[in-house]
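Here's the structure we're looking at; comments come further down.
By letter and in written order, the chains are A, B and C; residue numbering begins at 1 in each of them.
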């Protein structure tokens, strides 16, 4: 009896493998960020693309930094991330081509609803961070950073620079680095009652908020543009260029933009279409 | 408390309703970890017995190495296999990264040292008991290995289950080399990490319950095997 | 010197083994030192000696498990005969009795088809037939000892050694093993038996080798050894006052 159970276990992988044998499919690997994945955007728009083209999109959701590093090694066909400066460098170094800005959303600073730092309602993100730092040094609040080189982390550091502060010197006290994805960081912030910077998309679809709420929004510096690029097939000949380009083209097409615009969480639109290809100055003044 | 109860309710609902995505994830987890365990056993058991049996220069180093590698963190294995399979890596041309095959490779790397080290320990105790007997029966050297594996079969099942338990529960390695791609490389542990990331605690808990059930089943099997082992093995007066 | 005497004993047959100057070390420790002795081609030889004398080491050397550092073993046919050794602790595999015998037969190179008949024969010979389907490790001490002997016999040995086979058995189990040894002896297989039981040695032995502290102190026909031991050590041993 036991012998039969083991025999069964030994051949189970073969059985399961046979059931799932769906090789020969056309697919691309998309290196992207946790924010797009966790917000549910991909689950909403990718089936539309797959239906239109028959190309399966396999999403690897990591931080922007890691997504770009993976893609630079050739481990991906197309990239969708949110860090304009890094994207520009990626293209300049010859790793990516056909770069376009495709949509944007914005960042918000969330924190405990009791708001001991008193930042609720501010429209100036830099001022908010200064107040959080001040309250933090008095031991009254904690700020939780992603600390993972993601697009959100890079944006947060830019905001600290704008506030004229370098909190990493105080890392471990009131400034804590999670080294985790957006969702995991929000979970921690909810548990700690800490302030953190998050993209609105992840925030709106995040289900475990406890007493966190949005305290700071609307600063132009909180603008969060996403860009798409195809991995350079001259560098990496195995790149499924036609399929990757098909995805990039669909994203900037009217159909793709409509799909992005129509994604809503609790009735709120998360991503705003905004196509710009070629040379792009970094506009700081968008809503 | 309320949250936990709600999560459990949802978890049970998902399990009972036979959610296709959930079952796909569970099936892939089993497939990958069983395949990895099987390969690790095919490699590690003869290797472990050979380590117990033979004295050769460098043996001590191998013994220490396998024991040390037993505790290798899965992410380190993941990173190593990622660098190997990445397009820029030595095996990049195979195009295996972000496929179930890559996950099987990573878990095999993770589990093989465990199987090897535990088999070596078992082999040494079997040799203390049967070494002279086998030599007197003309089963020396390599020819002793099949008999030792057979005599240790019940203990080896426990070894294999230990390896499987480690494989099915790890997240770091499969996350890195599989990429947690929906419908392709998403397994229970990476799905739990993702759902937790989305704050979908209930779904994460549902998967956790399945993982727990699998772990319980594995341990029940190990226990049954031990009972059977007792019948044939532990009957010395 | 011993050879003419042996001819007398064995009716002029060539000895199975002549050992000359046999010396065995374990580590740096000399365990056997310059042993000269002969083994007759049939009959039962008892190897006596206090604990730690080197009896088990001698058996393991004759079985080929230990290599002598000096001296020679001259077997009758040049090459050693097929030999089998029943260890001091009987070996019971994690299998059933039948399966253990089948394993031993496969070691002897007996083809699969021929095994059932040989198994039946061995079970019969060793009084194990009713236990054929029992797990080997579930047998009593006496039964395990008979299984170990049956396992050794499965090799169809031309020379059988037994290391204290009755050391931990009750009188009935001891008697069963002794009967079995007598049967084997009648089949013409030469036997070398280690025992501490002097009465048993008297009952079974045709010849005696007496070992003390790694040296051979006496080699004699059983009757003479037990009535008139030549060496002071053997005398002291039989009187129960020899220190190891």
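General observations
Basically, a residue touches a chain if its C-beta (ideal position, glycine included) is under 8 Å from a C-beta of that chain, and two chains touch if they have at least 3 such contacts.
Quick caveat, the model's predicted, so the values are computed rather than measured.
Comparing chain C-alpha centroids with the centroid of the full set of protein C-alpha atoms picks out B as the closest. Chain centres here are C-alpha means, and the one lying farthest from chain C is A. Remark: chain A and chain B have CA centroids separated by 33 Å (rounded to whole angstrom).
If you average the CA atoms of chain B and of chain C, the two centres end up 47 Å from each other. Inter-chain centre distance (chain A to chain C, centres taken as mean C-alpha positions): 79 Å. Put simply, chain A touches chain B in their complex at residues 2, 5-6, 9-10, 12-13, 16-17, 19-20, 29, 34, 37-38, 40, 43, 58-61, 70, 73-75, 181-184, 186-187, 202, 205-209, 236, 238.
Put simply, chain B touches chain C in their complex at residues 129-130, 132-133, 135-139, 147, 151, 153-154, 229, 231-237. Within the complex formed with chain A, the residues of chain B that make contact are 24, 27-28, 30-32, 34-35, 38, 86-89, 92-93, 95, 97-98, 157, 179-182, 184-185, 193-194, 196-201, 221, 224-225, 228.
By the touch rule above, chain C contacts chain B in their complex via residues 60, 63, 65, 84-85, 87, 91-96, 103-104, 107-108, 135, 137-138, 140-141, 155.
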